[in-house]
Amino acid sequence: MMIDFLQSLVDGVLVGTTYSLIGIGFTLIFGVMHKINLSYASASVGGAYCGLLLVGAAGGKSALLVFLMAAAAAGVIGYVVYLTCFRFIPASHPLGTLMSTVGMLLLIDEIVVHATFGVPVAYPPLYEGPSIELGELYIRPDYLMVFAVGIAAMTVLTLLLYRSRLGLATRAVSQQPVAAQLCGIALYRVNAATFVVTGVLGGIAGAMIGASVGMLSPLLVLPLTVKGLIVTVIGGLGSIPGAIVAGLMVGGFENVLQYYRGVTERDLYVMLLLFVFLVFRPGGLFAAKSERN
Amino acid sequence: MLEVKDLAKHFGGVKAVDGLDLHVRQGEILGLIGPNGSGKSTTVNLVCGVYPATAGTVWLEGQEITPLPMHRRLTAGIARTFQNIRLFGQLTVWQNLWMAQNAPDHVREQGFFARWFGGQARARASAMDYLDFAGLAEKADELASALSFGEQRRLEMARALAAKPRVLLLDEPAAGMSAAEIETLDERIRRLRKGGLTILLIEHHMELVMGIADRIVVLNFGRRIAEGTPAEVQADRAVREAYLGTS
Amino acid sequence: MDFYLALLQVIGIHALIGLSAYVVILTGQVSLAQAGFFAIGAYVAGMLTVLAGWHLIPALLAAGLVAGAVAFLVGFPALRVKGLMLVVATTAFGEAVRLFFFNFDYQVAKGGVRVGPLGGEGFKQIRFFPENGYTTLDVLVFIWVVVGVVMALLWWMDRSRAGAVLRAVGEDELAAQAMGIDLTAVKVAAMTAGGVIAGFGGAIYAHYTTHIEHFNFGIVLATFAIAYPILGGLSTAFGTVVAVLFIQGLLIEGLRFLGDWRNLLFGALIVLAMNLRPHGLLDAATTLRLRRLFGRGGAGRDA
């Protein structure tokens, strides 16, 4: 009994890295622009598709190549999303950008359905091999690989944010957009760069989801959007460590409940988890300190 | 009229207002001045209930209003303007005044149903009086966001007056205004006093505040460092030091 | 002909859910919970007519009341969160409602067959309209009478202080409170009204399709609900109805000749519309200009 619980928890946490990555994407864009990009999850899945199609078209089969192409394609999609949904809509009207990203979500979704004729496509696993045994616990190597790639992506992102000039500019814009502009930071360029970076992250997440499920389907988009948003809120808006921890947490939580209560009830408990957080810890796990004004 | 007793507001370790006593007397203009960051705006926000006080109490005509939420303080008789104009830009000019018609008088006159779901004629007619006063009658049907900066400031004041307050809090009403505009503002505030309104005036513009205030309270670091007539305050050593920074 | 009648029925139902989101969004709350209230209305009304044998009209009113009561309860915790947090919280609420009905069984035997909601199988045989001999046209009239009543009430509200107060709260909560407006009362009232309207919509929807399933009430419906008022503009309830006509009539049906490509265009057109008119089709300035054009500039002066 105990071992089943542990097994579901471990599997869930390992796959939860994908939720973390999607959560980071939402949280980063929110942190920099104070806007919601609802098309993010669909762009991520779209990027993962592009990776597969591009590599397939070139006759390649390498899973690694698919991964890299997915990240690159999602980065490009991120830039397109910025241009079409944010760049020319006044910042003072948050509903406008909210709606435009909804339109983008539908558009990307439909393009994917078109390109694949609505049929799920097989996705190459990153690594195949025998399971690792830890006592009675089995750790699937493809899950472990997904976890490892996720951690690597997060590490690179953190380095980028805290060690590079772009990261400095991003943080400056997120804290004081006007002052940052006065210091000669081009707001549009930083915002665009944020979309590219989060896009790349999303592409990796999308490819990881494909790799861990074994296939990719447009049906993944809405659940992924909801889970990503929940992770963002549970982690605390704008908090990257929060998104990481919340992603792993939600992943583990839902997999354990799936084991005990079945797949139809599973998500109901995830929603309840969110409500518990909203009531008892509305700022999330890593709440930003409330500021004056 | 309006009394503040031992009021304090701490933001984390910052003591924005720290043990402040104020007394605005019936029918007077009390000027509240002080260098940047001395706690003037925080005081206004505490009096209006924007955030709860760390300690201390606020009284209006002998009634404690500290526990009241923000909207109930308006119905109690305190109306305000904002330092950084906050109008309802998507409503028309007169509709902005409509929003402020929440005083007990309005409720009694109109009754629940007519006030919320009745026609506009009566509300508009009573709003026009204040728009005349602010010189905005001709713009009554424009969107508030289409007004010029000076007009928006005047509209904010008209909106506060439309709430029929007994105490009016003006938070830097002259900020960003031209000399000519300040002159008409000066004259308008005097007319309000003549009408019997009690005014707490927070202002940076010394000429204006020294000219019309009956008494002045000077804040620094969230505390009162001087109080008296404009002449007395101007002669005060502590005030000069606070402003010039020589200590 | 029947095709157009069916289309008008769909438009009427979508107008109701769009209007339910309109009331709430006026106060600045982007609520993705409307599909949840819609689902509650659908199941409540369906159960009342099928299981309890009620007439549709009392069942419709009861559905509105129940959905409104739930919305009232949702309104209070919703006050605590704003912006993205509210979007996520209301999405989660809507999903929770949907998942509840996904797992909800309540069947009784009626005339030898078991009827009632059955989890993932859905709720079949909500046959009030066919059983009572309503033609497609009758159903259409019924739908649009309800839409007409709701529209009339909202039109009245828009012209009264209540409507302006909702907008004032939506624009600047702090200033509204400083002007003596009770934020809690206004926001909860708006949420409740939105719940009632969505409940009506759901009740009608259940009887119109005769077969409801949990996935009818997912995020897509919730997104459409907020899309209508945002695309239509928030200065008048007519904007929402215009947007429903635009999306359901023009984009979804009018572009049918494009086949599969229609759906592609759909998302792209929303993106384009928001770039061209970020405040929606009928924004405050446009409405004002239209009113002037029709000689109603100083509405109060001649009223």
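List of remarks:
The letters A, B and C name the chains in turn, as written, and every chain counts its residues from 1.
Assume contacts are C-beta pairs under 8 Å (C-beta built on N, C-alpha and C of every residue); 3 or more make two chains touch, one makes a residue touch a chain.
The model shown is predicted, which means the values in this text are computed figures rather than measured ones.
Averaging Cα coordinates per chain and for the whole protein, the chain whose average falls nearest the overall one is C. Centroid distances from chain B, each centroid being the mean of CA atoms, peak for A. One inter-chain figure worth recording: chain A and chain C are separated by 31 Å, centre to centre, where each centre is the mean of the chain's CA atoms.
With centres defined as mean CA coordinates, chain B is found 47 Å away from chain A. Here the spacing of chain B and chain C, counted between their Cα centres, is 41 Å. Those residues of chain C that touch chain B in the shared complex are 156-157, 159-162, 164-165, 167-168, 171-172, 174-183, 234-235, 283-285, 288, 297-301, 303. On the chain A side of its complex with chain C, the touching residues are 30, 34, 36, 84-85, 88-90, 93-100, 102-111, 113-114, 222, 225-226, 229-230, 232-233, 237, 264-265, 267-268, 271-272, 274-275, 278-279, 282. Listed in rising order, the residues of chain C touching chain A in the complex are 25, 30, 77, 80-81, 83-85, 87-89, 91-93, 95-96, 99-100, 102-103, 119-120, 218-220, 223, 226-227, 230-231, 260, 263-264, 266-271, 273-275, 278-279. Chain B meets chain C in the complex at residues 48, 50, 69-72, 74-75, 79-80, 82, 86-92, 94-95, 98-103, 115-121, 123-125, 140-141, 143, 146, 159, 163.
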